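In what follows, structures are represented as structure tokens.
In what follows, chain A forms one complex with chain B and a second complex with chain C.
Let's look at the complex of A and B:
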């Protein structure tokens, strides 16, 4: 049983199933409908933040442009479905391909700009996008925003609010699985190597240029998916939404949740977005301190838990295992550890 | 010294020079390494040893000269034409003087990085974790475990690389080179930071690597006992220039070498 739960796919599916029950719980009156909407939005943010986690957590590349790409995808999807009257599927494709192409171009920039300069370069791109959102009114609706209706799948299956929520949950679970596949093996090692030691990566045959573009590509694809889901779930897109604050929020999500952790990204999004929406904002006295709480959280994590919540989980389970006295942090008994044979190590691995 | 025949040569460094600002770090240096030998490069600190390694592996582009690698089938490649990440595809792999590992990853994951260029995993296959990909991962992992066992650090495989003592980290770097099926392994001060017992053990391992993996080895090392013990030929350099080349015996009795080392390492044993 434990073994099954340790399988990442099963964990993702269990999380998905738990999230799918929320509308029923709301139906029963235990939680509010608005809570479901907040969770749906949290999931949407999780997807964009996960893209940033691939970029920053795995590859060590900073981007302050996540919100810009997310917004671009939102506007494209709204425009293609509402103004051009084309099918939702076409909108999704256009809203992923165009921003991703732009994202890969920024990836090329990353070869010229390192560290903080890359951050500034991505910020400039996002600000240019925001100017477009405000000024190219035929496309974006300008300050009054762009409207979008709920997704219509395959041209006839119009989703309502709750069905759209289900779609969001399913997309999240699929993305978790795919990103897990990509990051746990060959590509994940290449990205890790690139971050850990560029010299070692190159000596081992890793083409830095190629993997930087891949990292930017993945980050933008996820930001775009997130933007599409956002505009069809929330129903509109304002230029003010896609600002630097939102990009910084994505950064904060992975700082709090944990670099390179898929679950951590979800938890980070939950803490930074859902908690303040659900627990702070409804109480008038606390509504204004939400940004303050956010700021304090970020400082605490950077100072004391630089590996985020995902790592605290590991520390707790190590501590728990040590307390049980039987096993050390790698699940091997202490007496055995000294002279493990190869077979035993493998056995431990699969256990 | 008798010049080796062409087909016996694995690496040919010819008239390589590189300067940083006004400083000539490597000055018109030439040497050849025979196939399946252990070749040592010695010289005082700052002599240009790491720089020549960087010129061979294309981390630096030499200002002039050439570096040719001759495959066992006789095919000759001018390494200077290659991009740095393509050098390993010729069968040439290196370690670094200041250990370059991914500190946050486990030892086994670090070692697996060494197999990057021998694994053929298209992105789409990885995305859907196809059976072929899983088998490839599984086999590569077994190979990595075999190498870790060969280097006596298999029991540490799940430990975080950055938290390990220096000696273990050096071994992890060597393990990583072995993952790439190398023909030429370039080691930059593999014994630095090791104690006497560890150094002896390392000498033994390097010889074994040469035989078991049928590889040619080029190394820089300050520990003269190690160099004299395991190298077939040695090249001594000082201020970027070659001052002597030959067998360990010839090098030991060479007055130029003695002079270059005086006051640096004391005397040569």
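Let's look at the complex of A and C:
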């Protein structure tokens, strides 16, 4: 039984099932309907942040353009379904392919830049996209925004608010599984090696060009999926939504949740987005401190807790092992030493 | 031709804003090895302080500016002592993320302290225009041009000719060696942060009368300044400043002479500069850093 629960895929499905029950709980009156909407939006942000986590966590490449790509996908999807009246599936394809193509172009640009220049380059790309959102009014609706209705699957199955929420949860579980699969395999190891030292990775036969493009591709695909879900769930897209602050939110989610951790990304999104929406915003005195708290959390986590909240489980189990080791007088020393070296390896790995 | 001289002078004025911000970015980069994304937000914060004193408390602008400069220096010292100095373990990207965290902190603090309304700041020189080849030019604009150039010249002479400048240059080239040679690198880094935030404030004070003091009013200046730093190269102090003036001229030319330039001039220039970044990744004035395994 414990073995089954330890399987990551089962964990993802269990998390999905737990989230799927929320609308029922809301119907029973335990939580408010608006809470479900907030959690749906949080899941959408989790998806975009997970893409950035693959890019930043695994391969160490920073991007400040996540919000731009997410916005582009949102506008394309809204335009294809509302103005061109094409099916939702076509919109999804278009809204993923076009931004991903652009994202891979940025990836090609990134080959020339070192880490520190890349942030600026992606920031500039996001600025260009934002100018387009503001100025190409026939495509984006300009400052008054673009409208989108809820998705209609296969041309006849029109989803309502709660069904769209189910769709979002299912997409999240599928993406979690895919990313888990990808990062535990050859690709994950290659990206990890690249983060450590590009020259060394290259010497071991890793094609940096290929894996940088793949990392940028995944990040943009996930940002696009998240943008599509956003515009069809929230129903609106304004140019002001897709600014640097949103990209910073994704960054904060990863830093607080933990680099390279899928559950960490989810927890981070919950703490930074859902918590402030559900607990800080309703209290007038605290409504304005959300960005302040976010900034302080980012700085504290980078300085003192660079592995993020996802590392808490390991630390607790370590502490527990050490306590147990102290109680036994003999026979545990070997075990203790082994644990210690593993901890050191992990520390070296993340440093 | 007369029109072009007007465009050129306006470019020089905006170039001052960009160059001050670019110099602020490069100072921090050279001493702390991070790109300070919070440059605009810190400039905004201190400009908001000056604007609040002027608009809400009825102070004179010239009395409020010293308070703003003092606040900028104190903020610079605090940021360096409390945060940057402790971030030795964080890598280059980690430090960048810290400055992004600073953006969030000060964007959160500003509305709590100064309120949510946009304020309008008066010009440094309130009245008077001069006609240059038929182009009306305010004394304020001319002051901005000359004051910007004056600061640049002072900074470069300080960096190149004085003992303090030597300390900055050695810290920039290799911090460990500089410390061994007895350069107080911690003080140098602290002073660089304080100076950088003061430069951001000056840039903010010059920019503010052309728009209004809002939470994001300096973001455009910062993005152009960042582009200038990258195009000019992080290797030298003068590269980014020259690039800042150059970009300002290009931007104005694009906006004035291109069809629909007011709308598309900026994004097209950004795209062109990205291409330059691709072909000259270490900047026009920069040189490649040798990477070792």
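The criterion applied here is as follows: the second predicted complex is superposed on the first by the 322 of 351 C-alpha atoms of A that agree within 3 Å, B and C clash if a C-alpha of one lies under 4 Å from a C-alpha of the other, contacts with A are read in each partner's own complex, and residues count from 1 in each chain.
As a working rule, contacts are C-beta pairs under 8 Å (C-beta built on N, C-alpha and C of every residue); 3 or more make two chains touch, one makes a residue touch a chain.
Please read these numbers as outputs of a predicted model, since none were measured by experiment.
Of the two partner chains placed by superposition, only chain C is touched by A:120; chain B is not. After overlaying the two complexes on the shared chain, residue contacts for A:153 are found with neither chain B nor chain C.
Counting the residues of chain A that each partner touches, chain B and chain C differ, and the larger count belongs to C. Legend: residue contacts after superposition of the two complexes on their common chain; A:190 is shown touching chain B, with no touch to chain C.
When the shared chain is aligned, chain B and chain C each come close enough to touch A:199. Contact with chain C, but none with chain B, is seen for A:294 once the two complexes are overlaid on the shared chain. Within the superposed three-chain model, A:178 lies in touch with chain B and out of touch with chain C [touch as defined at top]. Within chain A, the residues touching chain B in one complex and chain C in the other are 197, 199-200, 203. Across the complex, chain B meets chain A through its residues 57, 59, 83-89, 93-94, 96, 100-105, 109, 112-114, 116-117, 119, 121, 123, 126-129, 133, 137, 145, 149, 154-155, 157-159, 176, 180. Those residues of chain C that touch chain A in the shared complex are 34-35, 37, 83, 86-87, 89-94, 96-98, 100-109, 111-112, 219, 223, 226-227, 229-230, 234, 263-264, 266-267, 270-271, 273-274, 277-278, 281, 291-293.
Residue ranges of chain A in contact with chain B, taken from their complex: 178, 181-182, 185-187, 189-190, 192-193, 195-197, 199-208, 214, 330, 337-340, 342, 345-346. Interface residues of chain A facing chain C in the complex, by the touch rule stated above, are 56, 60, 62, 64, 109, 112-117, 119-121, 123-125, 127-128, 131-132, 135, 197, 199-200, 203, 244-245, 248, 251-252, 255, 288-299, 302-303, 306, 351.
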